[in-house]
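Before any comments, here is the structure.
Chain nomenclature is as follows: A, B, C and D, assigned in order of appearance, with residue numbering initiated at 1 for each chain independently.
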Amino acid sequence: MKDNKNLLEIKDLSIHYITDDGTVRAVEEMNLEIGVGETLGLVGETGAGKTTTALGIMNLVPNPPGKIIGGEIVFEGEDLVKKSQSELRKIRGNKISMIFQDPMTSLNPVMTVGDQIAEVVKLHQNVNAAEATERAMEMLEKVGIPGTRHKDFPHQFSGGMRQRVVIAIALACNPTLLIADEPTTALDVTIQAQVLDLMRNLKHEFNTSMIMITHDLGVVAEVCDKVAIMYAGNVIEYTDVKRLYTSPKHPYTIGLFGSIPDIESDESRLKPIKGLMPDPTNIPSGCPFHPRCPKAMDICSQRKPKNTEVEPGHFVKCLLFENTEK
Amino acid sequence: MHKYILRRLLMLVPVMLGVTLIVFTMMHFTPGDPAKIMLGESAPEAEVIKLREELGLDDPFLVQFGRYVFNAVQGDIGRSYTTNRPVAIEIMERFPSTLKLAALGVLVSVSLGIPTGIISATRQYSLFDNIAMVAALLGVSMPNFWQGLMLILFFSVQLKWFPSSGFSTPSQMVLPALTLGTSSAAIITRMTRSSMLEVIRQDYIRTARAKGQAESIVINKHALNNALIPIITVIGLQFGYLLGGAVLTESIFSIPGVGRLMVESIKARNFPVVQGGVLFIAITFSFVNLLVDILYAFVDPRIKSQYK
Amino acid sequence: MSKIKTSNNQEEVKAVSKKKRSPWVEVWRRLRQNKSAMFGLAIIGLLVFCAIFADLIAPYGIDDQDLRARFITPSRDYLFGTDNFGRDILSRIIYGSRVSLQVGFIAVGISALTGGALGAIAGFYGGRLDNVIMRFVDILLAIPGILLAISIVSALGPGLQNVMIAVGIGSIPSYARIVRASVLSLRDQEFVEAAKAVGANDFRIISKHIIPNSMAPIIVQATLGVAGAILSAAGLSFIGLGIQPPTPEWGSMLSSGRQYLRDYWHIATFPGLAIMITIFALNLLGDGLRDALDPRLKS
Amino acid sequence: MQERLLEVRNLKKHFNTKKGLLHAVDGVNFFINKGETLGLVGESGCGKSTTGRVVLRLLEATDGEIIFEGKDILQFNKQQLREMRKEMQIVFQDPFASLNPRMSLSEIIAEPLVVNKVFSDKLEMQKRVKELMDTVGIAERLTNAYPHELDGGRRQRIGIARALALNPKFIVQDEPVSALDVSIQAQILNLMDDLQDEFGLTYLFISHDLSVVKHVSDRIAVMYLGKIVELSDYNSMFKNPLHPYTQALLSAIPVPRIDIKRERILLEGDVPSPINPPEGCRFYGRCQYRQEICRQKTPELRDMGNEKYVACHFTGDLRPASE
């Protein structure tokens, strides 16, 4: 992997939701790192723990019922888990900011978009109201919206445009890390292309690192440098994009690729993963994927696989590969 | 916006006509001969017949209704059977007290209800929240005529802090306003709490937190502004209930308002006054609701742009 | 035949161990977990019991006057004291539960059935019918409920039956609105479309798909509505336009105790407490039902 | 030539809204051969779902003809419509909203049978319900379960079983997999493929996901603002798209491969409102090849040979707009 200094290092992070129906292990012993200017793709299906990871980094996991059980989130050399709320508030929206999935609901409907951008500027930069508004208009222009529309309300924009406003809010303070949680899932394909293109350009311009959360392997191929595949709270495969797409190792990753119709070739049948996502309060013993795994062995139901480095920079959590290491 | 207000005002016309028709019909088919009521039971038959003719009481129903509406538009809604004064004047004399009472009730309920609701919502399931919710539920459950009596018992009879009747000095207004406002305060508390809880769950609150905004501003600026929208509707509706509830409160505290006038008139079978009173309150209520809808547009830009 | 079979052991085990529950059973299960709702239900149960067995429970007869025992303050013989005619207030309150419950349930029956039917028709068929019905509802809504009830009673005259009718009509608009909104949202649901697609007629769609799914808000409203009706009826009686003495109605008992308030507080206090506890219990139950019926709170 | 099962001619569906007349479907023409799948793609608001519902008469068409097995179903009376319902069915997008939460799974699957009085014997009907559950891969023990106890994938299987109950010839698939996770989506797509082979079904497959549509369809129609802009077999659609919108749409799909980099055409702006759309080509405002004629005249769907149809004035001769 690139030998950039790491901007963010997540070490053994575990986040649980403690509910009446049982404990949901949303994130289990996660290890990830992101270098300066790098983009990490976080891929998984519903309930894999992607959004919890994102909220965890921001320390915004709703508590109760969510709780960071253990681990470290080292950002620019400091552990965010240990920071107080007021220290964190200086980082949120400033050094780390977030783009949410649904642009229709993530903007305050009774505030003008200009005010919503200016708000974050005023919070983190020593500017007066007029300067903040100026900056808001500038940001609107940057995301391709005429600055004169800063007095408009969210409902006066389409979904794609609202997502641009959300991006403007996220980038207004030049963050070093941008967490994008399914930023284009709610958008149409042609609008998705516009927004992805915009994000790529701005990321370049600001030299921002990014965590791109998505379920779409196509989006990952397009924007990411590294990928982590999540299943039931675990990062089951973690490597750079090239390796993942040319030689995926984990049976779940292979299953994911088999499930998506390929637009470039003609397959007559898909090769889906059998079964269903496990109940989050009742994750199977051993490897959480074993009931659905075509290569499951007896031991898979008994022992949790360890994170194994199958080749330099390619990590897999699967018992098939644990022996090859030794 | 102007066009919208005008349209809403025009829409009031058929509603008011409908209200008039309903009330007029009910009073019309109520047993009892108005002429006899006016002249007294012992009046000679000939005089009763003469008065019936004068008042047009033998005309067909629709003719009578048409005449009533025709006169009402010009401000004449008949004469009181008992005092023979114009009903409009009798009501107008009493109306300020009722309006003042209802407005004070709204004031009590809003100033108690909204803050309590906000604190409850932000500290859901805390001790404060639990106590406030039980208190609010008791407030909703308490019959206000009974509460009024209990307040009199405690504050006028026992402590002698406030007088138990009348409505001209500020100290006379305290107990009636509390009596009338309590249940509304409880309703507004509950509404504010649930509306805030709903809003706090929204994505844009998460956005505000992700900006690094302080929690107090997230609540008081982002959440409250959105939560206010349904609360305003409830306040408008409460105003209507308070106008109705004033009937009871006025009779407890012997306040010379429209409500008490109506109760007295019903007992005396003085129908023109009853009819006028209902009409008057309905009009006031409709105007308040119109105001609320206009207020909406200022709180919620989505609604404002619909009216353009 | 079909090559894909759900073969997830984990899921199978889970699904088998979970008993199949109809949605209504599920609601009852959730309601049972709600302590305050069960408390409310218990009080209502007690009231119903009192109403049915009043003759057996009440220490004194309904109109037993004992002029030697007038204005007795609460004591061992007369737990709640006696009134100006020397009648036992506790006994009259127990008998009064009959009147109040009757008024509450019948008035709600009137308003829920008429309002519900009007709202359902307006919502399902839409168009001109909807317009006519909803304009009528608007007119009724322009008159505050209690005032409407007062005008109806003043036209019909006082008495138990008329009070029930008046209070019932007074709350027709709110049911019409709730049911209409619920039907409107259901009408466009995909499962209603699916029923149309397989050829189901209007009757089947309304009875099998719309009504069962719109019950939740109606049940909540009806529970709270019983409370409202009891309160309105008591209010009417209090100003002398409702149920007339000597019927032991809580509102009119309160009203007659009013003139002795300064000297004999208990006459007006206890009937008021009875009203408050009843309403409180109904509200607890109504709130509990609302939570139990709201699937969003499941999480 | 293949036998046509369904043909839609100049189909229109307009809605009255507060802001004006919404042209949801505005003169759509297509046909579907027996046993094939026609994919209908487009972005949100283009009228694809409305088309599906109008074809089944779940919404009444404003104008046009829908010829099913040689008869115009828009002329059908109530009795004929009931008969038609047995032949044409629909699977919905939202597996949560499309099943009545107050009915058990067996009741849901049996509803078409009950409504159409297919069985007089209750046991016979139960047998059929079991058979259907088996066909879509739902375990028998779930017979009395309720929808809220199932995940999205299983619910969608129930929706499919309900659609199959009356042995229809034609099924409208309205975004049947877009609410599902990828791994479940693949299971359902395979199931539908199997069912098509087994029962000789004809599908109208509506989706916004071009990869999925390409996978399932024999021919594809692309919709934009109430009109079909291009219609051809899937191969020629993907290899040689002729309409500028199709070109942009195809280029916008993120491909899950790193060995292929594609030229991307980025469209300007958003889809305009379908309320009172102006004369001329609907794509005019966003088209990089627009000419004056495009603003004045609405292009018709033209036959380009080999069953390829395109609605563009400059098909095959696109030059960047000179402004």
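Just so we're on the same page, contacts are C-beta pairs under 8 Å (C-beta built on N, C-alpha and C of every residue); 3 or more make two chains touch, one makes a residue touch a chain.
Predicted model, so just to flag it, every value in this text is computed and none were measured.
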* Within the chain touch network, how many edges lie on the shortest path between subunit B and subunit D? -> 2
* When the contacting C-beta pairs are counted for B-C and for A-B, which pair yields the higher total? -> B-C
* Structure fact -> Chain with Cα centroid nearest the overall Cα mean is chain C
* Structure fact -> Taking each chain's mean CA coordinate, subunit B and subunit C are separated, in whole Å, by 23
* subunit A-subunit B separation of Cα centroids, rounded to whole Å -> 53
* Could you state the distance in Å from the CA-based centre of subunit A to that of subunit C? -> 50
* Residues of subunit B touching at least two other chains -> none
* Asked: Of all residues in subunit A, which are in touch with two or more distinct other chains?
  -> 272, 274, 276
* Could you list the positions in subunit D whose residues touch two or more of the other chains? => 154, 187, 190
* Structure fact -> As the complex stands, subunit A meets subunit D at residues 45-46, 158, 160-161, 188-194, 196-197, 215-222, 241-242, 245-246, 255-264, 267, 269-274, 276-277
* Asked: Which subunit A residues qualify as touching subunit B in the complex?
  -> 58, 60, 88-94, 97-98, 100, 102, 105-111, 119-120, 123-124, 153, 155-156, 166, 169
* Spell out the residues on subunit B that touch subunit C in their complex, using ranges where they run on. => 14-16, 18-19, 22-23, 26-27, 29-31, 137-138, 140-143, 145-147, 149-150, 152-153, 157, 240-241, 243-245, 247-248, 251, 262-263, 266-267, 274, 278, 281-282, 285-286
* Within their complex, state which residues of subunit D touch subunit A. => 43-44, 151, 153-154, 181-187, 189-190, 193, 208, 210-212, 214-215, 238, 248-249, 251-260, 264, 266-267, 270-271
* Asked: Inside the complex, what are the residues of subunit C that reach subunit B?
  -> 135-136, 138-140, 142-147, 150-152, 154-157, 227, 231, 234-235, 238-241, 251, 254, 258, 261-262, 265, 268-269, 271-272, 275-277, 279-280, 283-284, 287
